[in-house]
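Same chain, two partners: chain A is paired with chain B first, then with chain C.
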Partner chain A sequence: MSKRLAFYFDSSSCSGCKTCQMACKDKNNLAVGQVWRRVYEVSGGGWHKQGNAWAQDVFAYNLSMSCNHCEDPICAKNCPTKALWKREDGIVQIDQNKCIGCQYCLWVCPYGAPQFNPETGTMGKCDLCADYIDEGKNPSCVDACPMRALDIGDYDELLQKHGSSDHIYPLPDDAITSPSICIKAHPKADQPNPSVGNLEEVKFAK
Partner chain B sequence: MSLRNFLKPKFNTSGNMEFSLPFAHKLMASKPVKTAANAYTGKEKMIRVGCPSHNCGGRCLLRVHVRDGMITRIETDDRPNDTIADPQLRACIRGRSYRHRQHHKDRLKYPMKRTGERGSGKFERISWDEATDLVAGNIKRVREQYGNTSLYVPYGTGGYNQMGGKWSADRLMNMYGGALGYYNSYSWACITRATETVYGTDVTGNQRQDWLNSKFIIMWGWNPSEMRDGTNTEYILKEARKKGAKVICIDPRMTMSAVALADEWFAIRPGTDVAMMSAMAYVMITEGLYDAEFVKTHCMGFDKSQMPEAHKDEETYKDYILGTRDGQPKTPEWAEKLTTVPKQDIIRIAREYATAEAAVLYQGYGMQRRAYGEQVVRAGCVLAAITGNVGKSGGWASGIALQAGGGPFWNVLPLGENPVSAQIPTFLWSEAVVRGPELTEKEGLVGIDRLPHGIKMIWAVASNAIVNQHADINRSIEIIKDTSRLEFFVVQDNFMTVTAQFADLVLPACTQFETWGIEDGWKYGEELIIQPRIFEPPWETKSDFDICAAVAEKLGIGEAYTEGKDEKQWISELVEEYRQLRFPELPTLAELEEKNLGVYSRPVEKPRVAFRAFRENPEQNPLSTPSGKIEIFCEEMFSKQLPVEVPPIPKYIQEWESPFGKEAEQYPLQVIGTHFMPRVHSTLGNCEWNKEAFPQRVFINPIDAETRGLKNGQKVKVFNDRGTLILPCRVTKRILPGVVNIPQGAWWKPDKDGNDIGGSVNTLTSQRWTPFAFGNAQHTIMAEVTALEARADG
Partner chain C sequence: MRNKDWSLVFFTLLSQLSVGIVLWLALLAVFFTGTSLSFETGFSPINPVSIALGLIVIATVSSFLHLGNPSNAPNALNNLSGSWLSREILAINVYVLSLLATMLLGRYSANSEAMTYMLLLSSLAGLVLLWMMVRVYAIPTIPSWNSWYTPLSFGASTICLGLLALLMFQHTGVVHVDSQTRIGLTILLMLILLIEVASALFNQLKLEKMHTGIDGPVFDRGAFHTMFLLRAGMLITAFVLVFVFIVNPAALPGNSGHTWLYAMLALIIAAQITGRVLFYASYFRLGV
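Now for the complex of A and B:
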C-alpha cells in the first residue's frame, strides 16, 4: 500500500472545463458555496497597439486543486479536537464526529481546502474519495477528466514517472506543508505577473 | 450524515417547504420524484445511459446511480480500455451535473392553459383530456381554415434522443396532411449550404483519429473544449500534439481550447476572417507556395485558365486576391487593418500552413453565424484546396466536415413524408408569422410560390428557439403576443422556459431519463449509445411520443401513429437498423439492456479520409458539383446576380453592423455570443451547480473596461437599438479589445423597465438573415457598455 497518496495534475492540457469540480460536487453532494475541487484560471500579459494591429503577449492556464493531503498537514496540527487526521496511506481526513466547525483548519490551510458546511456545522474537504480508494478505484475527479489531465498515485512514484513536480502560481510555498501533489506546468506558467482571473468562482474556500 | 437524510426535504408545521439552505432549496426543495413502479427501492442500482445531450456536440456515457427513485450520483464511462482508437466517452460538467435538472423543483408537472394575456405568466392547471382536445382541435381548425402550410413545428433541440423531441410531432403532422417545413438550422445554416457549393457534399471530414497524421492544425474560430464538438475531440487533438502537430488558434478570444491545445493564439476581429484568409492566399500565390498541380487538376475558378466557358470573363479567385480588377491586392497589410492581426503573423501562418506536409484548417461555426457567413466557409475551403490538403491523410478539406463514410447517422423515429412541400429557412419563422403570404424565393421560401397564409399555429416541442434562442427577443415577443397572427401556440417541454412563458398551452414532457432513446455521434464517432428508461414519468408528465400519440388519438389516427408500439419497441427497431446498415456486431437492444452496457463502439484503427478517391483520380471519381471539381467559382451564386452580397468567389465583405460603419459611433463594441461550458444553448441554464461553476457575465477587455470606468464584477448595461441587458462584467485579458462576449443561452428575465437581467444575448441580436443561405447572423451585433452603478461589487 502506498504511504503517500497524491494527485497528479497536468496543467498543460487542462482547459478549465471544471468537470473535475462537478464530479466532486456530485460525488460528495456539495451545496452551492462548497467547492472542494476548484479550478483557478490564471492569466497575465497585455495588449499593445502596434499601428493597425493589436500585439499581445496574453497568457492563461488553469490550476485544478482540491486537498493536497500534505505530508505535514498544518490543518491537523491546528485542529483543537483532533478531528483531522492522516491515514496510513496519506489521506488527510476529517472525523465528522469530532469536528466542531471552529474553522481553524480553514484559516491555516494555505490551499483553502477545508470548507465550512453550514448544514452540518462541520468542515468538509476532499478525502481523495477514500471509499473509492478502499474499493481499488480512482477518485471521482480523476476518472472524470475529459483531457485525462488528472491522475493519482504514490507521491514518489509520480515524481519518478513525471520527472519532477512544478511549482506554479498561485501555489504557496511547498515548505509550509509539503503538499502531496505532482504538477506538470503549462508552458506559459513561467510568464511574469500572473493573476487569478476567476476569483469569484474560487473564493468559496476562504 | 447519510445521503438519504441529506436529500430529505424539510417541512415546517404549516406544510410549506423550509428553505434554510441555498442548497436544499436549489437541489431538492420539491418532493423527491417518486417513481410509480420503482424497480430499485432501497438498493442502489447503476444504469449506463447516454447523456441527454440536448444538441451538445458531445455524445457521452453516464453511469447513473439510483436509489428510491432519486439519482444519488452520476459518473461516466468506465470501460477499461481507454485508447485513441476507442476512447472512453467521458461526460463533461453538463452531464455530471444532470441530477439537478432531473430533480429540479421547477419541473413542469401538469398541463396548463393560459388565463391572462400571452406572456403574463398566468396559467391554470387542466386535464390531459382537455389539453389534447385543445391541440387536436386547433390543428383541425387551422388546417380547415388556412391549410396545412399554416401549421408549424419549429426547430428545437431540447430533447434529442432520436425518438422524442420534435421528431414525434413531425411524425404526427406528416400523418395529418403535413405542416410547413423548414431547412437548415441555427447552428449550421451557412456552413452546410456553402460547403456544398464548394464540394457538392457536407461529408468533408476525415475521421478524427487522422489528426494524428497532421503536422499543423489551425483551430480557426473553433473551440471544441467548450462547445464540445464531439466527445474526445479535444483529447484526440492533445494526442496529435504529442505526435508532433503544431496547433494554433485564431479567435477573438483566448478560448479554453487555445489554453489547453494551442501553441499560439492569434486574436482576430470578429467578422474579418475572410480578410485574413485572403491575405494568406495572397502570400501563398505571390510566394509560389500553393499546390499549383492540385489546383490545376482538382479545382475550378482559381484563375482564368479554369473558368467555366459561360463565365470565362468573370473575376477569378486569383484576380480578387491580387486585386487585378478591384485595384486592391489582398495583402497582409490590408488584412492587418481589418483583422488587427499583425501582418508578420499573417505571413508566417500562411507559410506554415502552405508548407506543412499535411495540415488541418478546422473552421468553427461561430463565424458563419454572421452577416455574409457563407463567405468565410467558402474561403476556408478554398485555402484547404489550394494548399492541397483535400483527400489526404493528415489534411483536411475544411467546411462542415461531417465524418466520411459509413452511415446511417442520426437514425430517428420514422417520420414519414411531409405532404407539404413548402419550406422556409429555419431562421425566418418569425417572418412567416408576420407576413407569410409575402414571402418569396427572395426570402428563401422553397417548394411553393407563395404561402396562402402565415403561420397560425406553432407547436414547439423541446424548443426554446421561439423567444430565448431566436434573435431580437423584444421583436419576437411582439410577434408572439399578437393573437391575430399566431392564433394558437403550444409549448411542450420540461420547464417553464422563456418560450413556454408565452404559450397558450404548456404540456409537461418527461425528461430523457424517463423514456427510451438512442444516440450516435453528433458529428463524429463510431458508436451507438442507448438511453434506457430509468424512471417512470413523474406527476402527470408524459414522453413526447406519448403526448403526440394522445393527440393523434384525438385526430383519429392514433393507431397509425403508434403502430401499436411503445418507445422501447421503436428504439429496438432503430437499433436493428443500425446493426443492418452500420454495425454488424451490434448487440440487440435486449442484450445491451440486460448487460447494462449502455454503449457499443467500434475502434477506429484506420481512420477514413474524405475525398480520397477524388484526390487519386478526379476524372473517374468526380465530385457532385456541376463541374465535378472543387468549385472556387460558384455558378449558382453568380446566378443570384447579387455580386456585392453573394459574390461567386469568396470575398471579404464589411458587415452590416461593423466597427468600420457609421453605427460604430453610437455602438462601438462588437458583441459575440459564444457557446458556454455550463449549458447546452439554454438547456441547463436553470441549474445552480452549473451557474456556480460558470456565472453568466459580460466578458470585456481591461482596455475597454478602463475607458468606461468599469471594474471587474461591476454591474454593466449593454445596449443597442434592440434592447438592453444588465449583468456583472468580467474583465479579462482573454478577449480582443473592442469585443465583448455574452455567452448565448442564459434565460431572458425582464426587470420592471424591460431590461434583461437574465443576460440573454438575444436581447441585442438582429433578425436580419444572411443573403444566400438565409441563415442567422446572431453574432453580428454592435452595442455599447456602460456602468450601471459606480460601485464595484465583486
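Now for the complex of A and C:
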C-alpha cells in the first residue's frame, strides 16, 4: 500500500465544470454550505493600449482543491482531542466520536479543508474517499472528472511521473504543511495580478 | 467575527479578570505592607478569591458554548503533547484547583503567611494559564494573531481588569490599601491605558497592510475601522478621566465622585470588550 497517498491535479486541462465538487457532495451526502472540494476560478489581465491599437492579456484558469492530506498536517498537530489523525497510507481523517467541534482545525488549515457541520456539531472534510480506497476503487471526484484532470497515487511516484509540483496562486507556501498534492500548472499561472473570481462560492468555508 | 466567538470574548476576558485579581492580591500581600486583606479569614461571597474562582468557572462555562459537540469535551485533554488548546484546558483545571485550595485555607485557617504562599501559587497557576491562552493564538497560518500584539493585549487586559477590580474592592472596603499605594496603582492604570492605545494603533497599521491570498485588505475600512477608532476614543477619554480623578477631582462637573468613578469603569470595561471583539474580528488565515 502507498505510504503517502496524494492527489494529482492538472490545472491546464481543468475546464472549471465543478463535476468533482458535485460528485463529492453527492458521495458524502453534504448539506448546503458544505463543500469539501471547491473549484477556484482564477483570472486576470485586461486591455492595454499599444500605439493606436488595443491588446489584451486576459487569462483564466481553475484550481480544484480539497484536503491535501498533508505530510505535516497543522490541523492534526493542533487538534486537542486527536480526532484528526493520519492513517498509515497518509490519509488524514476525523474521528467523529472524539471531535468536540471547537473548530480550531478550521482556523488553522491554510486550505480551508475542515468544515463545520451544524447538524452533528463536529467537523467534516475530505477523507480521500477512504472507504473506496479500501475497496481498491478511485475517489468519487477523481472518477467523475470528465477532463481527467484529477488523479491519486503515491506522492513520490506522482512527482516522478509529472515532474515538479507547482503550488500556483492562490495556494499558500507549501512549506507550511507539506501538502500531498502534485499540481500541473496552467501555462498562464505565472501571470501578474491574478484574482479569484468566484469568492462568493468558495469563501464561506473560512 | 462569527457569533460563536462571543463566547470566546467572554471566556478570555473573564479568565483574565480572574487572573488579574489573584495576581494583584498576591502582589499586595507580598510587597505592600500597608495593605490589609480583610478577607484572609472567614468565608464570604464577596471574598476576592471566591470572586476570582466564580469568574473562572463562568469563563469556562462560557467557553463550552463555543463547542459544537460539548458531550465529547473529556477528549479535550487527549493531545497535551501537541496542542496548546489541550494544555490551556489543563491549565484552567490547575488554576481552579489552586483557587479552591486558597479559598478553603482562608475558610479554615487564620494563618496569613500560608495564605500569602497560596496566593502566590495561584497567581503562578494564573500566569501559566495566561501564557497557554496566548500560545493558542500563536498560529503560523494566522499572521494577524501570531504577533507581539496577542501577548501584549492579553497581558494588558489582565493587569488592567485586575486593577479595576482591586480599586472596586478598595472602594467597597473588602481590601484596604494606603492612599499612597492607591495613587501608585491609579497611575499604573493610566500607563496601561496609554500602552493599550499605542499598541492598538501599531497593530492596526500592521493589519491594514494585510490581505489574504484570495481577499483584498479588509481591516482599513467598514465596521472594523470604525470600532478601532471608537475604542481608541474610549481609552483616551478614560485616561483623561483617571488623570483628572487623581489631580483634581473637584474639577469634575457635578462633583459627584461616584458617578465619575462608575463612568470611568464602564468606559474601560467597554474598551476591553471592544478590544477583544476586534481581536477575534481580525482573524484571517493565509491561503484559500
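Keep in mind that, in the parts below, the second predicted complex is superposed on the first by the 199 of 206 C-alpha atoms of A that agree within 3 Å, B and C clash if a C-alpha of one lies under 4 Å from a C-alpha of the other, contacts with A are read in each partner's own complex, and residues count from 1 in each chain.
Keep in mind that, in the parts below, a contact is a pair of C-beta atoms (placed from the backbone, for glycine too) under 8 Å apart; a residue touches a chain by one contact, two chains touch by 3 or more.
This structure is a prediction, so every number in the text was calculated from the model and none was measured.
J.: Which of the two partners, first being chain B and second being chain C, lies in contact with A:40: first, second, both, or neither?
T.: The answer is second: A:40 touches chain C but not chain B.
J.: Could you look at A:56 and tell me whether it touches chain B, chain C, both or neither (first, second, both, neither)?
T.: In the superposed model, A:56 contacts chain B only, not chain C.
J.: Could you tell me if A:144 is touching chain B, chain C, both of them or neither one (first, second, both, neither)?
T.: After superposition on chain A, A:144 lies in contact with chain B alone.
J.: Would you check which partner chain A:118 touches, where first means chain B only, second means chain C only, and both and neither mean what they say?
T.: After superposition on chain A, A:118 lies in contact with both partners, chain B and chain C.
J.: For A:160, is the partner it touches chain B (first), chain C (second), both, or none of the two (neither)?
T.: Neither chain B nor chain C is touched by A:160.
J.: Does the superposition put A:29 against chain B (first), chain C (second), both, or neither?
T.: It touches chain B, and chain C stays clear.
J.: If we overlay the two complexes on their shared chain A, which of chain B and chain C does A:104 touch? Say first, second, both or neither.
T.: Only chain C; A:104 stays clear of chain B.
J.: Is there a shared patch on chain A that both chain B and chain C touch, and which residues make it up?
T.: In the superposed arrangement, which is not itself an observed complex, chain A uses residues 118, 120 for both chain B and chain C.
J.: Within the complex, which stretch of chain A touches chain C?
T.: Touching chain C: residues 38, 40, 65, 74, 77-83, 97-104, 107-112, 116-118, 120-123, 169-173, 176, 195-196, 199, 202-203, 206 of chain A.
J.: For the complex, which residues does chain B have touching chain A?
T.: Against chain A, the touching part of chain B is residues 1, 3, 6-7, 21-24, 26-27, 73-76, 78, 82, 90-93, 96-97, 99, 225-226, 231-232, 234-235, 238, 254, 256-261, 265, 267, 336-337, 340-343, 677, 688-689, 692-695, 701-703, 713, 730, 732-734, 736-737, 794.
J.: Note which residues of chain C are touching chain A in the complex, please.
T.: 4, 66-70, 72-73, 75-79, 82-86, 89, 139-142, 213-215, 283-288
J.: Can you check the complex and tell me which residues of chain A touch chain B?
T.: Of all residues in chain A, those touching chain B are 12-19, 21-23, 25-27, 29-33, 35, 43-47, 50-56, 58, 60-62, 96, 118-120, 140, 143-148, 186, 197-198, 200-201.
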